[in-house]
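Each of the two complexes below includes subunit A, the first together with subunit B, the second together with subunit C.
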Partner chain A sequence: MTHIDVVAVTHRGRKRDHNEDTVSVAGFQSGAVEGQPVRFAVDPIRPVTCLVADGLGGQAEGGRASRLAATAMGDFFFHDREAVVKAVRAANEVVYAEMALNPAWSGMGSTVVVLVLAGDRAICVNVGDSRCFLLRDSHMVQLSQDDSVTPAPGEATVATVVTQTLGGRARMTGVEPHAIEVGVRPGDQFLLCSDGLTDELPPERIEAELAGAADPRTAVERLLRATLDAGARDNVSIVLAAVPCAEEGRDQ
Partner chain B sequence: MAELMCPGCKADMPAGTQYCQSCFLTPVTKPSVAENACGDPDCPTGGQPPAAGCRPCGLSGASAPTLSFAWGTVAVPADQPLVVGRENSPIASQLGDYSNISRRHAEVRSDGRALTVVDLDSMNGTFVNDQRLAPNQETPVRAGDKIRFAARLEATVTGEAS
Partner chain C sequence: MTDEGPVRGMASVPGTVRDQIAAPGTTRDAAGAPGTTRDAAGAPGTTRDGSGAPGTTRDGAPGTTRDGGPDPEPFARVNLPPTLRRRYEYVRELGAGGEADLLLVRDLSSGEECVVRLYRRQDLPLDEEKLNRLRTADPRHLIALRDYGRGDGYVWEILEYAPYGSLEQLMGRYPAPWPADKVLDVFDQLAPAITYANSLGMVHRDIKPGNVLIRSMNPADLVLADFGLTKFIEATHAHGTNSRTSAYAPPEAIAGHTSKWSDWWSLGIIMFELLTGRNPFQNPDGSWFNEQVITSILISREISVSGIADDHWRLLVRGLLTRVPEKRWGPEQTAAWRAGGKPPVADPEPVRDPGRPITRSNATFVFEGVGYNDPLALAAALRHDWGGGRRLLAGRAVKAPTYLALKDWMTKHERAEAVQALNDGVDERPERGLMQVIMALDPQAPPEFNGRRLDDENLRALTRDAIANQPAARQILGQIYEDGILTICDDTPGCAGYALLDDRWHRNVEAAQARLQQVGVTISQGDLQTLRMQLLVASYAGQDHLFAEPAAEAARNPEALSQPWFRTLVADRPAPEHEAPWHAALMLTAPVAAQQTRDQHVAAERRRLEEEQRRIAQSRANMDRISVPLGLVCGVIAFCAPPAGAIAGPAAVYFGVRARRTRHKAASTWAIGLGGVGFVFAAITIMVYLNNLVNGS
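Let's turn to the complex of A and B:
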């Protein structure tokens, strides 16, 4: 029996008082203020849904929006890309519906990046600037597509402006989620994170930490430690899903 | 400068530490032991676990302290001191064999959490861990202490949280 090893953590960082990020792994959701890395061993017999939702910081009720978005799709079993895209659109409507309940919640919003591991396919859908990376053979590529202003050539991609979010406006606005589907190979690692990680650490650093760590738990701990050491100006959330290696499968 | 500690693993943190390396938690000011028995700065019961035990931290509560005699255990209620002696004592009937116990030998008092013992100017003396007590002087005893009345009657203090 091989399990997908998922390690998830969410942390408020060192500058913010609250944690407006929400992580969800196979239906288990956390918005802990200063969480510790939790390791899940998920049987891939059913599609595994992991997600990171980053509530819009400094705005009304970012945490509420990210929890709502995570709850709206965290515990479903998605079998194809269209279903995930539909669920992200539905989550957008859920956020707007909640907004209508209280004038103070108007404009709350959240990004979301969802990863579904369904058999030998991986589906990644995102809205906003939370990212999904695939680490294969020690090389990292970004699967998600940021909804942010394209930086001028040669400039760093520390963009704080997102052009599309779940909720985030006073009036109901539809979203156009970015979706990508890739094949899964044994040994693949998928990293979901909020911009609290990618703003503090350059991609090369993340790639090096992931490739150098012995197991997912160590990798997540190292990334979180590096982020906190770098200042952690925003909430930071990390979900690392590791598909078992073929060798491990034969051993067990 | 108050000392810092990690609220998760309770490890000491040097001043200026931003977060615990193993728990990723923000250090908090270390509480002094006197003000907080369980060491948790956020203790909902102020460091004194209730009798039923502390649900958040698991510290066992202070059950009413008792005296364990050779024939059984005798509880000491907080409002009712236990007189040890051959007369007017709840345990007088058990003391037939102990003729060297005075009629009013000693008194054990409780405040609900800890016991104190007073020798009532007895003939043959009261001893805590083989130390003879001065008469009419209250002496605190802790769980595990052995109280000896005269030569042979012994009781062990049990059931105290500390």
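Let's turn to the complex of A and C:
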């Protein structure tokens, strides 16, 4: 039985003092200040859950919110889309519940993008502007849907404005997670990342690094290196999950 | 009916334009060597465009022409046939073409100048009934056919001579746009003329400014020319057309259909040209679109009349330029229009201004972080950020959110063709889909693939770059092949006939690959690219033998020819029209075959050397085997017969050493031992003997 190869890293970048991002792979969670890429070989006999949560920068306790969100759904086995959506809603409530404990935590929030690899299906659910991409046949397709304001014709999106997050407001507000389910093929690669990656590197570059690297670990290392070289103004988190190619397992 | 300006202008510079253009023996007529189809159709001065119409009728005023009318003894290349010489006096030659000569003559009885058109053949079928109708036709509308006949090796017709030339020449001198009242003069002359011709059951099929002759300027009197024998010539020849003819032909003429409605379309184009100053198929610099582009536009597009400012005029031109012949304006509608009415225009398709497509929705689509609600702007953005567009279309396979948003947006903007392009797309070919979407969003833009324009000129440049080994060009050309991009571009501006080209290209490549497979040659990716490039070049019409020479060269390669499969390939010559893939296969496999031959030679040489070495080793081994008994015998001799040991001893040692290489090690040891001891004995014996000899003496 072949394993799903997952490489994850989170890093505070070059400008921020703290890392308010959190990554989680099959329940292993990290918010390390300057993390190293870590490689997991996960047996896909049960659904594999990976996620990236990006605590709202400049807000109170962004890191706390992202860790809470990650903890709230990082170690569950999700079998269908509705379950994931429900878990994201529950994580939203957890963040608000935590907020109630201490007035200083009021308004803390986090984005989240969750990927569940369940057999031959992949479920992607997101709230906020952390992204999930599928790399197949050298084309990188975005599966997540950004919660950003639709710009006026001819104008660019304001990257810093997010229309919904887990938490993020003073009073409890529900969320409408975006969910998509796609079939998984041998050789597919799923990239989860915070906007610290996509704001620094153009999609063309990310695509080229993913398609050009020999293995997921090299790809993540290169992406992190490139982001840091580009200035890394925000925390950067990358999770890359690679489904094994057909020829790696039994020949089909 | 008056046209003061032109009249004066015309009188003051009579015939200059025409004579410049159409003096006999100048370019056009020179090109019309006898027997070429083109000139057949365009017997001088008749059907061809104005420039090629030396003087049937529109010759300048006599006496100012280059060929010197007043010369009492002009050189006459063509003589009047005897039949005609009795009735007419030769004045001068007006021109010649592939089929006919034109002479200006004077009627001996009336003194009137006429034009004689002499067809240099007698086998022309003459529709007597029609010609008689023409001869008796109302001269107000059609140029008069005075007589016709056949004899002395010719068929001839006598035509009225119109001294003021054609409408085309007038337009050359007084460039359009013309004032409305002058355009109206032309309309008032042409519409009744067409109505009249139709009423006689005649369709001109080729009305254009060059075929509208000016009988008088003040009042304006225009007549239609070339209803006569030239029509028979056209009917008996598959005639080539040119841009200036196609530019006035209705859409249905492309399929070869003409009807009484056809001439009204031509009138519409003439009106358009007079009102806007430019033919719809003319570039701003006055050059004409090429034939194929005109055809593709006629097939697929509306002609935009937005350049005509006046509503009433625009209505007329829309009515006349109705694509469906039966719904096109004819005699009744034009008459109603002239009377100030507004007959309905049937064409249901809205007249689209290429600059401003109809946008009915405010929906905004976000592409790479920027909002768009204008299809043209989005098309431009997709062309500019090709990678982003490719990823967007790659989302089709998984119904990615951005892909669905694009589809939704196009539906809201009523871009049915673009939505259709998405529906018809292929998941594995996102760039093909992208190309189709861009073209559906902005149909007027020249097709562009991954930053490279694909119109004829640019495609050839791309091919040149690819042949010059530019990796980017090679890769793009490869994608264009795999995604069938040329077919998508078919019949867009500058891409006429691309579907056919693409089809030939693919069939050629597939045929070549089949041949390679037949002979069992696998080629590298680079060779495959080269093969495709070469066959693209050879797929252009008339280029299928472009590589015949290098292919023949390759087929003569003696090294390659020693491969039987290559000989089979060389011998298996296909039909001439399918030779291009064969050429490509030969050129590609000849080096492979030659290399195989060289490899075989090297292998044979290596085998020969190995064989020789084995033979040497064999003989040595045989020797070694014989050495075992020989060594033993010599050893025994050396041991037993001491004096002989002097020779047998070393021999035994030698054979013994050789015998060590066999498995008889003990025998070898014995031979060496006996030989050695025998030699020592022999030495002692000899020394004793010598000692005795010395002492004894």
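Following the convention adopted for this analysis, the second predicted complex is superposed on the first by the 242 of 252 C-alpha atoms of A that agree within 3 Å, B and C clash if a C-alpha of one lies under 4 Å from a C-alpha of the other, contacts with A are read in each partner's own complex, and residues count from 1 in each chain.
One rule holds in what follows: contacts are C-beta pairs under 8 Å (C-beta built on N, C-alpha and C of every residue); 3 or more make two chains touch, one makes a residue touch a chain.
Not measured: the values here are computed from a predicted model.
Peer 1: Applying the touch criterion given at the start, work out whether A:Val182 contacts subunit B, subunit C, both or neither, answering first, second, both or neither.
Peer 2: Touch partner of A:Val182: subunit C, not subunit B.
Peer 1: Between subunit B and subunit C, whom does A:Leu224 touch in the aligned arrangement: first, second, both, or neither?
Peer 2: Only subunit B; A:Leu224 stays clear of subunit C.
Peer 1: Identify which of subunit B and subunit C touches the larger number of residues of subunit A.
Peer 2: Partner touching more subunit A residues in the overlay: C.
Peer 1: Answer with first, second, both or neither: which of subunit B and subunit C does A:Gln145 touch in the superposed model?
Peer 2: In the superposition, A:Gln145 contacts subunit C only.
Peer 1: Go through the superposed model and pick first if A:Arg136 touches only subunit B, second if only subunit C, both, or neither.
Peer 2: second
Peer 1: In the overlay, answer first, second, both or neither for which of subunit B and subunit C A:Glu204 touches.
Peer 2: second
Peer 1: In the complex of these two chains, what residues of subunit A are touching subunit B?
Peer 2: 9, 11, 14, 34-36, 224-225, 228
Peer 1: Can you tell me which positions in subunit A touch subunit C when the two form their complex?
Peer 2: 134, 136-137, 139-145, 150-157, 159, 178, 180, 182-183, 203-204, 207
Peer 1: Over in the complex, which subunit B residues touch subunit A? Could you list them?
Peer 2: 8, 18-19, 21, 23-26
Peer 1: Mind listing the subunit C positions that touch subunit A in their complex?
Peer 2: So the residues of subunit C touching subunit A come out as 364, 366, 368-374, 377, 387-388, 390-391, 394-395, 397-403, 428, 430.
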